[in-house]
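Two complexes follow with chain A in common, the first pairing it with chain B and the second with chain C.
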Partner chain A sequence: MEKRLIKKETLAGIVGELAGKMRVCAPMKAEDQVLFRVLEAGEKPLVDFANTKNAPKNFLFPRTEMMMKYTRTGKGMVFAGEEETDRGQTLLFGVRPCDARSFTLLDMLFDQEKYRDPYYINKRKRTTVVALACVHPPYTTCFCTSVGGNPVSSEGVDLLLTDLGEAYLAEFLTPKGEALLSAFGGTPAGKGAEKKKEEIAARAAGEIASRIPAREIKPILDTHFEDPFWDTLHLKCLACGTCTYLCPTCHCFDISDEVKGNDGIRIRNWDSCMFPMFTKETSGHNPRPSQKERWRQRIMHKFRYYVDNFGAISCVGCGRCVMACPVNLDIRKVVADIAKL
Partner chain B sequence: MQNPYIPIPVEVIKIVTEVDTKDIKTFRFAFLKKEDEEAFRYLPGQFAELSIFGKGESPIGIASSPTQPGYLEFTVQKAGVVTSTLHEMEVGAVMGVRGPLGNSWPIDYLAGKNIVIVGGGFAFTTLRSLINYMMDEKNRSRFGKITVIYGARNPGLLIYKDELAAWAKRDDLSLNVTVDKGDADWKGREGFVPTVCREVAPSSENAVTVICGPPIMIRFTLPVFFDLGFSKENIITSLEMRMKCGIGKCGRCNVGEKYVCKDGPVFSLAELDKLTKEY
Partner chain C sequence: MENVEKKLREEAKSLLAEKKVDVVVGYEKGTLPLTATPCFITTPEEADRLVWNPFCVQNLAKFVHDLLGQHHEAQKRVKPEARRKKVVGVVARGCTSRSLVIHLQEKQYTKDEIIILGVPCGGYLDGKKLAALAGGEEIREGSLDEGKIVVKTVSGERQAALKDLLADNCLVCRFNQPVIADIRTGEVAPVAEAEKEYDPVTAFENLPPEARWAYFEKEMAKCIRCSACRNVCPSCYCRICFADQSQPRWVDIGADPSDTQLFQLMRMYHMVGRCVDCGSCTAVCPMGVDLRKFLKKLDKDAFEMFGHRAGVSLEEPAPLGAYRETDGEDFIFEPGKKIEA
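After this line comes the complex of A and B, so read on.
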């Protein structure tokens, strides 16, 4: 693996220059928030920020996505083509390691042996992930180390950048990452840089104060589907769904149709297990009739079912749901409480 | 990469109104492309998404049998947007089918055994597929005694009446049709499905029962089969859940860690016992 040192003050300019050659999405200030957006040619991205308000899953699994088109004929609406897939390469710059890990978790679902999801896979193939390691974990709500990640994790990353103080250590991890070698330039990194990164990694992991028994609750969830615990957990939940919309690993979606005149499209939109209509059947029957069952589903899906199906917890510890919940429902506390059952 | 979300184009070639209330119809579809027909390999118990562009999709069990080549049949109750649109369609209309989806009735497990089919109301569709599959001359010898117990609330709500009449004449199938309450013309049996199961009392010796019907029927029928000595492994049913993708991605039809769309819809009672009770 190629490792280089890149001067700190040059990084934003390198990315800005790349934005003239390909689609580059990077963290930018938007009023008082930091959000990913497409850069104009030469535009410099933020390199010092905590994390983006939204998870970058939107670039692989957009909140609204056209699946296919159709058109009216005398005999009914007929298929008129797929989503346009050829849109060139995308560079996703400034992804935090927790969010990059979420891509590997989404891969497990969308890129299974049987039933591969072409929309996700096509975007994933065309996307290069450049991550910025968390030299100092940005929030007190960060808990990546409890769910299998760490502040310098390279899972799902093509090019990992770690701030060593005066320069970034750039690790070109995959062929997609290596394709950026000439653009990023820099000088070969020696043993000293590697050692420094290891020290930073150890210190950063130690700085993560939130520890939750995420793995430990799996056997408890296996035997506590029915438990009084679930009866009160959800009571203050407003069913707004923010937790699932901001979550980097939530993948549920709805499929719907939109018609204008003689043409229409079939689209998919993010959906949420927090919503009553999510499971409501035409007959009126709803297997998850109240917020109690929906909260249980959210917790079970992330910490039990995903482990059963894919051997991984479907949570990367980014803490977005903790920060955004309007009634302060904290998944860390929920997990800790389950551990006591 | 094949796109599993794109429906296969089909044409409506026959519509049968099954019941007096006219809200249950059987639609026969022919594939518009020969290669699609050849690729659509299915077994009884599987389902497909009936796909109407502009309206949406609805997951419906396949009511025809793979032993009946050249077409697919679905028996559909008019209920929501998609099924109501379907009910207004006429022969010649073009729409889509996405499938086959899900597992199937466990044909290899059923082979060599006596089969007891129990159906209630219009949940008889994939059971009809299974019966026609087993009764096919190439397949009949693979199965033992076949007993069918089928009930509806009244004679007007029995579906597949022509086939019921044809099966009644066969000596290699024991057909027991019942209605909760008959009318002036009804000469057949009266009584609820669980009661009839107890009267018919099929032996559990080397036997499997396949049950589909409204929850209330299933609730009262299961104890009858337990009394007759059927083990939970040998009681098989099919689940329904709200679905969208049909391929285990959209995340709404799971029961525990299993997705009804891809791991089901067919489960034995023994398998259901291991899952969460959320359906």
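After this line comes the complex of A and C, so read on.
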């Protein structure tokens, strides 16, 4: 694996220049928020930020995405074209290690033996992930270390950048990452830089203020599907989809058709287990009739079913849902309360 | 405020101990600095969790409607002789009490099903203004002392007067006290400048139509259709929202901006004379959409055309829900013409 040192002041310029050659998505200021968006050629991304309000999953699994077009003819419906794929390469810059880990969790679902999702896989193949390690945890609500991650995790990362103070240590971890060697340049990194990174990694992990018993609750969830705990947990929930829409690992979708005259498109949109409509059946019956069953599903899916199916907790500890929930229904507290059952 | 909080806890405790209520809906301390969150108290011992301070944001009338609506539904499946009444106690400030009045006018439940714990209100903290004070950084610690807010972020400490951080709707509120209450817990000096209530709307009305439409389009483009605004709104209680209907599907959730615009327009038009300007929709919006600008315009119209303020008295129903012989019709021919109430 190639390791280089890159001068700090040059990084944003390197990425800005790459934006002229390929599609680059990076954190940018948008009014009072930091959001991922596509850069114009030469536009410099933020390199000094906490984390983005939205998760980068949108670039692999868009909020709304066309699957195919069709036309009505005398002989019935006729296929009229595939999803509009942008065939070029995409560089996802400035991803935090927790969000990069979310890609490996999404891979387990969308790219597995039983089912391979071409829409996701096509985008994933063409995307290179450049991550910025967390030298300090960006928020007090971060809890990556409780769910299998850490502030300098390289899971799901092609090129990992760690701020050593005067320079970034650039680790070109995969062939996709190595393809960026000439663009990023830099000088070979020695043992000193590696040692410094290890120190930073240990300190940053120690600075994580929130710890939750995420692994411990699996056996409890296995035996507590019916429990009075679920009866009151959801009461203040507004049934909005904020938590699931901002979540880097939530991946549920709904497919619908939009027709205009004789032309139709089939699109898939993000859906949310928090919405009453999510499980409503054609007959009118809803197997998850209240917010109680929906919240139980959200917790079970992340901390029990995903572990059963793929051996991993479907939460990366980014804390977005904790910060953005309009009624402060804090998943850290929910998990801690379950551990006491 | 401490005295109000103390009295509130005592009153809640005795209501629960004397079994006059089944539950008290109030606020408790949140898990993040400078936050409070809705809570549901069912035993006298828990009543000490109740808080009353400027961090209490959401209008709790929504939860009263939820609880009683669900109870009424559940009672339909019980034999008439076994049916029981449920009484909900609710911590209500001015705007919350006005929403309760609207529910009573609209016959959602009867007065004997609720006990209103009236609290005096000097306004609540605006999330966006607070975030601006913190320079967009995470608030790691916060305090409120003698009308002064102090926040600590990673880069240091900042402070501001509470009155400079209050929500816009609170700054022009004329209801420091609940309009109806069973128990009142204290007084507070009004902070509001009610005479300026419609100034921003008037300024907006004076813009050319293109500029107003451009603002509407810009704000609606931020919406991610999580529905938090609809779900938190006490006046938005349709059993099946038109936006959730599938036969026919009135609005889609895909990439067409007109879907989101239509959803918001339709929701807002249902608010004429029914919006109490509690600001909850704006406060819970994760994307910071300025919904209040448009809702306040409808509120102004309801006042100028019908002399109506939403939920001010039980005897005065919303203008579009009542018939009066004195109702003018000139507005059809002369939009904007003022009508004597």
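Convention: the second predicted complex is superposed on the first by the 340 of 341 C-alpha atoms of A that agree within 3 Å, B and C clash if a C-alpha of one lies under 4 Å from a C-alpha of the other, contacts with A are read in each partner's own complex, and residues count from 1 in each chain.
Here is the rule we go by: a residue touches a chain if its C-beta (ideal position, glycine included) is under 8 Å from a C-beta of that chain, and two chains touch if they have at least 3 such contacts.
The model shown is predicted, which means the values in this text are computed figures rather than measured ones.
For the composite obtained by superposing both complexes on chain A, the positions of chain B and chain C are free of clash and fit together.
Contacts of A:63 after superposition: chain C is touched, whereas chain B is not reached.
Rounded to the nearest 10, the angle at the Cα centre of chain A between chain B and chain C in the chain-A superposition is 90°. By the touch criterion defined above, A:322 reaches chain C but does not reach chain B.
Using the contact criterion defined above for the overlaid structures, shared-chain residue A:266 touches chain B, although it does not reach chain C.
Once the two complexes are overlaid on the shared chain, A:176 sits clear of chain B and of chain C alike. When the two structures are aligned on the shared chain, A:234 is found in touch with neither chain B nor chain C. In the superposition on chain A, A:197 contacts neither chain B nor chain C. When both complexes are overlaid on chain A, the residue A:138 reaches chain C alone and has no touch with chain B. Legend: residue contacts after superposition of the two complexes on their common chain; A:121 is shown touching chain B, with no touch to chain C. With both structures placed on the common chain, the touch criterion links A:302 to neither chain B nor chain C. Minimum Cα separation between chain B and chain C in the superposed model: 7 Å. Chain A residues in contact with chain B (one complex) as well as with chain C (other complex) are 254, 256.
Chain A contributes residues 31-34, 50, 53, 63-64, 136, 138-141, 232, 235-236, 238-242, 245-246, 254, 256, 258, 267, 269, 272, 275-277, 290, 322-324, 326-330, 332-333 to its touches with chain C in the complex. Residue ranges of chain B in contact with chain A, taken from their complex: 1-7, 9, 11, 52-57, 79-80, 83, 89, 92-96, 240-242, 244-245, 247-257, 262, 276-279. Against chain B, the residues of chain A that register as touching in their complex are 67-68, 70, 73, 75-79, 82, 109-110, 112, 114-119, 121-122, 225-226, 251-257, 259, 264, 266, 268, 271, 273, 278-283, 287-288, 293, 297, 300-301, 304-305, 308-309.
Per the touch definition, chain C reaches chain A in the complex via residues 30-32, 35-40, 58, 63, 70, 128, 131-132, 136-138, 140, 154, 224-228, 231-232, 244, 246, 249, 252-256, 283-286, 288.
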